[in-house]
Each structure stands twice: as C-alpha cells, then as structure tokens.
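Common to both upcoming complexes is chain A, partnered first by chain B, then by chain C.
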Partner chain A sequence: MLISLLQAIASGVVTGCAYALVALSLVMIYKSTDVINFGGGEMVMIGGYLAMFALLAIGLPYAGAFVFAAVVAFMVGAAFDRVVLDRMLGRALPGQSVLVAMVIATVGLSYVLKGLVRVVPYTEEVRRLAPLFAGDPVFLGPIILQRQDIAIVVIAVLLMRAWWAFFNFTLLGKALRATSQNPRAAALIGIPVRAMRMTIWGIAAIFAAMAGILLGPKLLMTPDMGSVVILAFAAAIVGGFHNLPGCILGGVVLGVVQNLVGLYISSRAIVLTPFVVIMLVLVLRPQGLFGGAVVTKKV
Partner chain B sequence: MLEVQTISASYGSVRALEAVSLQVDAGGIVCLLGANGAGKSTTLNCISGVVPSARGRIRCDGRDITGWAIERIVALGIVQVPEGRELFPALSVEENLVLGTWLHRRQRNHGPEFERVYEYFPRLKERRKQAAGFLSGGEQQMLMIGRALMARPKYLLLDEPSLGLSPLLVQQLFEIIARMHRDGIAILLVEQNAKVALSVSEYGYILENGEVRLHGRAKALSEDPEVHAAYLGA
Partner chain C sequence: MLATLIRNLFLGAGAALALGSLPVRAADPGVTDTEIVIGLHAPLSGPLAAFGVDALNAAKMWYEEVNKKGGINGRKIRLIVEDDKCNPNETVLLDKRLVTVDKVFLINGGSCTPAVFAAQEFITREKVPFVMLNAAGDSGVFPATRYMFGALGGTQRSNGAGMVEFAFNTLKARRMAFIIHDDDFGNANWATAKAITDRLGVQVVAAERISPRVTDVTAPMLNIRAAKPDVIISAAYPQPAVLIAQKYGEFKMTAIPLVQAVQGIPVPAVFQKNVANDAIFTNFYYTAPLNDMADGPKQQKWLKMYKQYYPDRNPGAMMAFGLPSAMAVTRALEKVGRNLTREAFVEAMESLDFDTGAVAGNIQFAKGRRDGMRSTIVVKFDGKKHTVMPAVYTWNGRDGM
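And now, the complex of A and B:
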C-alpha cells in the first residue's frame, strides 16, 4: 500500500514537471502581456510533432530535435504576436482595450495550429514519440521509474534553471521583466517594447514545445493532445497565476494529485481532477496556494 | 538645439496642443509652465515620440525627428523622465539603472555612468540592492532621473519632478537639476511649481489650453505681473 502510494507520488512528480513547463509558458505571457494564451496546449502539441518530424523525417538525433523544435516554436510564437496581436494593439484607439479580442485570437491560434497539423499528411497515423533513453527501468528502492521519467525531470529542471538565470542575470532578461512591469517606462529609456513582447511569446512557445517533446513518449501523439493544457491552467491557478515559482510547484502538485485520485478514487476520475482543483482553488483560495494576499490586477 | 515648430496634437476629438513652438539650446535650461491640462506633458510626449503630432515638425541638432520611433529618439540623446513613479518596482535600484544603458549595451563597461549617477544621488548607492518599489517618493524620483542619465542624455526632459515631494526635497532636487545643467546637459523642465522652476531656468514658456501664452527669459517672466498673479501667487 505504501509502495503504491510512493510510486503514485513519484510518477506524479514526473508528469508534474512537464505540466510546470506549460504553466510557466502561460504565466510568462500573462504577466507580460495580460493575455491568457488558450493556444498554449497547441504549442505543446506542435512541439511533439516538430520533434517527431526532426527525428523521423530529417533524421536528427534527439538533441537536434530539441533544438529544431525550440527554434521553430520560437518563430511560431513570435510570429503570432507580430502578425496578429501587434496589429490588434496598433489599431486600437488610445484608451481602448483590445484584451478580450486578443484572448479570443489565442483561441483562434489553437484552431489554426490544430488544423495545420491535420493537413500535414505525415500526421495521419497516430504515433508515439520514441523515448529519449530506451532501456530497462530504474529502481529507486521500491519505486520503478522509466528512463524517460528521469529524463523528463532532469530536462525540466535544467530548463527552469536556465530560464531563471536568463531572467535574473542577463540584460535582455532584465529588459523583458522591466517591460512586463512597466512598458511605458521601458519605452522611454529606449527598450523596444514590441520586440520584447515578441520575444516573450517566442520563449513561452519554446517552453510549451519542450513539454510536448517530454510528454510525447508518454502520451499518444494526436492533434488533440493539446488538451493537456487544462492541467497547466490548473497548475498556474494553484500557483496564483502571477507567481512563477508558485506555478512550478503547482505543476508538481497537479501531477501528484492526479495520480492520487487515480489510486484512491477511480482512474475514471482522473480527467476531472484539473477542473475540480481549479474550482476548489478559485473558491477557497483565489490568490493561489503559494500567493500572499489577493492581488488586484493593474488596469 | 532641440526645436519644436508649431506642433498640434489631439486625443481622439479632444485638441491637446495647438501650434506650440519652443526651443532648447544645447546645454540650455528651459521650463514649460502651466496649469493642469495645459498640454505640458503632451508636449514632452510629442518630442519623445510617445504621442504623434498631427502637424508641425520637431528637429534635433538639424535633424527632423518628427514621427521617429521612441527608441530612435532616445538613441539621439533625448531622454524623458515621465511624471509619477514610473519604475520597475520588482527590480533592484541597480537593475533599474543598468536598464538605462540598453541602447549602449554593446559597450561592456558602464562604470563611469554608474559613478556619475551615484555622485548626483549618493542615496541610490546606499540602496542599490533594494527593490525600487520599496523606495520613498524622493528616492524613486532620483532613481527615475538616474536611470535616464544612464541613457546618456544630451537633452533631458523632466516631467513634474517636484510632484509629491516635501519642500526640502524639492529644493535639493532642483540643486541637482542645476548641477546637471552646469555639467552640460540641456534640460527641458515641465513644472506646476513655477517659482522654483523659473529660479533655475534661463528661459520659460507658459502654456494655456494647449497654446503658448507667453514666453521669455526666466527673469523677465518671474517679474511679469500677469505671470505673478496667475502662477506665482501673491
């Protein structure tokens, strides 16, 4: 009994790390542009497909597939901001808010990406991404982990470390944070605010795509696999939605809770977990489990 | 020389500026006075490229900069310190300052710029590791000016620097503004506090309802009976 509990927690932490990457992607965009990105799940999905394309069609090694997916995902994210969102902002009259329209545009993005993947002939059969490391599972005491699980945790942690160092120690990272804290002040010292927003969209798309590659071998690759984003939304809400470390913890919490629900309640209840978590957190503790007081959003 | 030639601007259907002209010589210090809503901030925002001007031209050292993007205008050395507390609150004092060097980021060594800012505002050096959001009002104003200095301004546009500061702090701040001018930075100062602004300026413009009502040497303006009655109080 204890062993199955430990096993559930361990594999929950593994998937939770991948959810955390997607949650980071969502929160990064929300914090710097106020937009909630409903296309985040499809960014995960194209990450998986891009890696599969790189591995099977181009014949790149796995490391190359990560780089290929990252580069293309960055371009997709940045292009979406430049071609769609930037124009919407540019056409808004002073004082008029186009935020709702921008959020709806992200819903559009999700359909466009899904549609694009469906028309590529390559995606007709359902496949599974090859695991990063094949081989026998690893035993940690009584807990069994696949090599892929360990790869997920290690790569997710490395990505988060890199992300943290980038935003804290590089001038570009600081400029991106500055732009999200006060775009007007950033513009007045010569920081190109539009380019910064594009960069944030690009980086956020990379994080979602990386999660797609890590989850690819565990989930079936289908154009609908973006629905995993609901778990990332739940993770971000658990974390408070503007708290980046909180949403990483939120991802792990979600992964574990999901497995505990499967273990103690019913495996059919797993799909309901994120919705129940979202509702409970929003009703009982809307600032998130790790946030301080309720923060009133700047207008 | 920074020259504003008959610019007009409006917000939607509301006219904010009507044929405003003014000029700041290289190394000069000029103030722009007027009541709330007279168009002072709009004038600065037109110069900085934040608000487009519907008509008229803006020139800097012989170049026509009308319609340029904000960052190009900053790169030319025209740097605005906006009104209020426009900082990056979650970043430290030092990080706020270093972002002022964005346009010169290729040059690695920003030591001299930091030294200059800390010399004007020693208080910022003491608090350099602190988040900008935790600074007092006066310190935040210093940080905004410091951050603008990091961008190496030739023309510094200050929007209501005295706003919300105690009389003692206002006096100290204006001593530093006078010092920056002596050190060769041209200053265009927007103020509601006409008395203290005219005391440091060489030349002044008075805006009323988006138009230049009066202009002249600062000394002459402060002795003008009309200005006295309207802006300097009894």
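And now, the complex of A and C:
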C-alpha cells in the first residue's frame, strides 16, 4: 500500500509539473493583461504538433524541435495579441471595458487553432510524440519512473528557473514586470506597453507549447488534448491566480491529489478532482492556497 | 362465352404486364425511377477518423460494386458523403441537412455511439431509416426503435460478453479486473461483463471506471495491481487504451493477461507504435468482430477489392467494418423491389439473416431487434504476429439487459 502511495505521489508530481507550465502561461497573461486565456490549452496542443512536425517532416533533432516550436508559438501568441486584442483595445471608447470581449476572443482563438490543426495529416489518428529519452525505466527504490518522466520534471524546473531569472535579472524582464504591475506608470517612464503586452503573449505561448511537447509522449497527441487547460486553471486557482510560484506548486499539488483521489476514493472521481478543487478553493480561500491576503488592485 | 372469357383473361394479363413495366413512382423522398439517394457519413477527420475513413470507403466500394452490376431493381445508388467527426452536434446537423435539403431516402452512417444516438430522435420523428455504418451503438439499438438499425460490427454488450467468456473459458481466469469507461459505452460493456461474471461465479477483484478524458491512469492501474487479478480486461478508447498499456508495462504486470476491446486498438500497428514497449505484448489479446484478423485469409477478398478501388491507401483494421451495413442496405433494397418506400425498407431490414463473409456472425434483425451482430473473435498479438484464437463468442442477447 505504501508503495502504491509513493508511486502515485511520484507520478502526480510528474504530471503536476507539466500542468504547472500551462498554469504559468495562464497566470502570466492574467497578471499582465487581466485576460483569462481560454485558448491556453490549444497553445499546448499546437506546441506538441509543432514539435511533431519538426521531428517528422523537417527531421530536426529534439533540441531543434523545442526551438522551432518555441519560435512559432511565440509568433502565434504575439500575433494574436497584435492582430486581435490590441485592435480591440484600440477601438474601445474611453471608459469602456473590452475585457469580456477579449476573453471571448481567446475562446475564438482556441477554436481557430483546433480547426487549423485538424487539417494537417498528423491528426488523422492518435499519435504519440517520440519520448525525449527512451530506455528502461528508472527505479527509485520501489518507485518506477520512466526516463521521460524525469525529463519532464527536469525540463519544467529548468524552464521555471529560466523564467524567474529572465524576469528578475534582465531589462526586458523588468520592463515586462513593470507593465504587468502598472501599465500606466510603465508607459509614463517610457516602456512600450503595447510591445510588452505582445511579448508577454508570446512568452506565455512558449510556456504552453513547451508543456505540449513534454505532455505529447505521455498523453498522446490529438487536437482535443488542449482540454488539459482545465487542470492548469485548477492549478492556478489552487496556487493563486496572482501568484506565479504559487501556480507552480498548485500544479504539483493538483497532480498528486488527482492520483490520491483515484487511489483512495474512486477512479471515476479523477476527472472531477480539478472541478471540486476549483470550487473548494474559490469558496474557502479565493486568493488561492499560496496567494496571501486579498488585495484591491489599483491601476 | 368461353371465347369472351379467354379474350378478357388475355386482355387483363396484357394490361397487368403493361402496367408492371411502367415506371413506378415511389412516394418517399430520395427515390426516383433511376436512382436511390443514400446519405453516408463517418468521422473522416479528427482523432476518431481511424474508425471512419476506411469503413466509409468500404461501404462506398460496396455501393459502387452494386452499381457496376446494374444497381438495384433498375435503380442506381447515389451517395452523398459527409464527415461527422464523431461529434453528436455535427451529426445531428448533417443528418438534418441530408434529410431536409438533400432529400436522401435513407442514412447509412456513424462510427461512434454518442453521435448516432444523438440523431435518433430526429430520424425517428422524420421516419427515415438509419443504418449505422460501424458504430457499436448500444444506446441506439437498446431499446429497439423502428427506424434505427445498427451494431453490424457487434454491440458493447457482445464485445463485453466475448471478453469475459474468453477470459473464463480460455485463460481460465477466476479473478478478473476491469478498466472500463464511465460513459454509456462503458456502462453497456460493464453491465454485460458484470452479468456474466455473476452467472459464471467469477470474482471481480477490481472494477476501475475511468473517464474517456482521463490523462493519467496511474491510480487505477495501481489499484488493479494491488488486487492481483488473473486477467485484466480493458474496454477503453484508443487514447486511454495506450495509457493503460503503458502503465501495464511500466508496473511490470505483463505476467497477467491483458484483454483489450477492439475499440481501443482500431489499428494494431499504431497502438503498438504509441505504446512503444513491446514487453506488453507478452500476454496481450484483443477482441475483433470480424471473421478473421484484419489481414487474415478470410479478409483477403475484401482487401483485394479495396486495393482496386483505393490503390494509394493501405486499409486500416476498421475497413471491413464498413461492409456489413452497406450489404444489409442493398439486400433490403433488393427485397423490397420496385415499390420502394421507407416503411417497406424497414420491414425488409427486419427479415434479414445472412452471412457477410466479413464479420464473425450472421447479420440478423427482427421485429424488436435492432442490433445486427452478436459474435466476437479474440486475437492474440505478440508484437509481431496476430493469431486468431479458436472459438467464436456469441452474446446470448440477455446478459446485461
């Protein structure tokens, strides 16, 4: 029983790390633009398909596939902001909020991406993205982990560290943070807010795409794999939608809780877990488990 | 007097002959003097396209063969082909379009139970015969409704029955573990499996019901491992089926036989590639409602015909699943004759009982019976070779009802 528990926790941490990357992408956008990105799941999905395209059609190695997917995902995210959201903001009348319309636009983005992917030949059947590392599983005592699982954790942690370093130690990162915290003040000190907003969308798309590449060998590739976004929403809510490190922990907590629910309550309840978690957290601690006190945002 | 009588008899016979040779105008839409219009649909894109593309091609091929031989009772078949993506909303919309805009006589379509079931209310209201292409369609055929015929590749009940009977009789399993979806499709499979295990006195040591959208099967597979079963029976769809097989291999459970229902392994080669661990095929079996392996000797006739029609395409395992429904449609049309109406067609369907030469058992309908085929075979797959197990398992029509 203890072995099953340890195995469930280890496996939950692995999937949780991938959820955390998607959650990070969602929270990044939310913190800087107030927009909840319902197209985040489809950004995950296109990341996986872009990597598959790079590996199979172009013949790139895995590292090249990561770069290719990152570049294209950045362009997709940035283009969506510039072509759709920026225009919506530009056409808004003084005092008029277009936030709801922007959120609906992200729903539109999800349909567009899913529709575009369906026309490529790879979606004719369920496919598996080649694992990053093949070979015999690794035994940590009684716990069995695939090499791919270890790669997921390592790459997710590296990406999160890179993200932290970028936002804390680079000028661009600091400008992005300033834009996210107070766009008006950022504009006053000469930060190009529109460009920063576009960059945030691009970087968020990269994080989602990376999650897609990591999840592709585990979940298998279909145009509907973007449904994992609900797990990322749950992770973000658990961690606190304003709290970037919190959403990472939220992803891991959710991955583990899902497995424990399956192990001790019922397999049927696994997919219900994120919804129950979302409801419980919103009712009992709306700022999230790691979100600190509720504050009123001043813009 | 006698001469008048003979003259009248000849006149009457002549008039009858003349009338018989006149074109008969059918009252129902989709039928003219020269053609019968049939709506044909399946998932041709999206993640479930593997269920539909080759099955639909096979049905098309059959109709074209019939047309080449002169059609049916002097009428050629004209097909209107659509992609339903296995999506219930899209299926209902396209069926409405086929009936109200394209004016088809009947619909032959659907590879997924939820999609065809969604169309049932509309086709019943409009009184349009609907013959499922290759959907298992339990909820569409139980309880029977007048216009919907299906399960020509077997139902989930026949599939569930086949797996349990095989595990009991051939693998001698007495402690069975199940991993089955928690949707209608899984409920039908599970109801039958449970009824048969109860009847046979088999102990169900684990019954893991999972969502078709599950992304991690670690917990259910750990539960199954802890239950120490003699056999694991999986009735999962392709994506979860791969996740299950991966965990089965990862948790070193391969000494326990794994029996996978056909819907999880529509194309064995793709399944094998996705699982990417040949160790799982040590003790691996899958069910199939065909009369042989997809490329076995009894299927060669159809494979050859398919290659003639589609030389550039290698047929998947679902190809032959599309034939029985088209065969049933053309047989029933033949039976009706020139006076073709939808009601007469339904009655002709109810009288069918024939061997297709493609699936494991006879296609048989009756008044109050709308599931066409109840038999299943089991194939052992060792990662290289597919071997058909000797028996054919036929559901009794009662277990799980």
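Everything below uses one rule, namely that the second predicted complex is superposed on the first by the 295 of 299 C-alpha atoms of A that agree within 3 Å, B and C clash if a C-alpha of one lies under 4 Å from a C-alpha of the other, contacts with A are read in each partner's own complex, and residues count from 1 in each chain.
One rule holds in what follows: contacts are C-beta pairs under 8 Å (C-beta built on N, C-alpha and C of every residue); 3 or more make two chains touch, one makes a residue touch a chain.
These numbers come from a predicted model, not from an experiment.
Of the two partners, chain B and chain C, it is C that touches more residues of chain A. In the superposition on chain A, A:Asn259 contacts chain C only, with no contact to chain B. In the overlay built on the shared chain, the residue A:Thr33 is in contact with neither chain B nor chain C. Of the two partner chains placed by superposition, only chain C is touched by A:Ser227; chain B is not.
When both complexes are overlaid on chain A, the residue A:Val126 reaches chain C alone and has no touch with chain B.
When the two complexes are overlaid on their common chain A, residue A:Ser110 makes contact with neither chain B nor chain C. Of the two partner chains, neither chain B nor chain C is touched by A:Thr273. When the two complexes are laid over each other on chain A, chain A has no residue in contact with both chain B and chain C.
Contact residues on chain A toward chain C in their complex (touch as defined above): 1, 4, 7-8, 11-12, 15, 118-119, 123-128, 131, 134, 137, 144, 146, 218-220, 222-224, 227-228, 231, 255, 258-263, 266-268, 270-271. Of all the residues in chain C, the ones that touch chain A in their complex are 45-47, 49-50, 53, 179, 182, 208-211, 213-216, 218-220, 222-223, 225-226, 238-239, 242-243, 250-252, 267, 270, 273-274, 276. Residues 11-12, 48, 50, 69-71, 74-75, 79-82, 86-91, 95-96, 98-103, 105, 144, 147-148, 150-151 of chain B touch chain A in their complex. Of all residues in chain A, those touching chain B in their complex are 93-95, 171, 174-175, 177-178, 181-182, 184-192.
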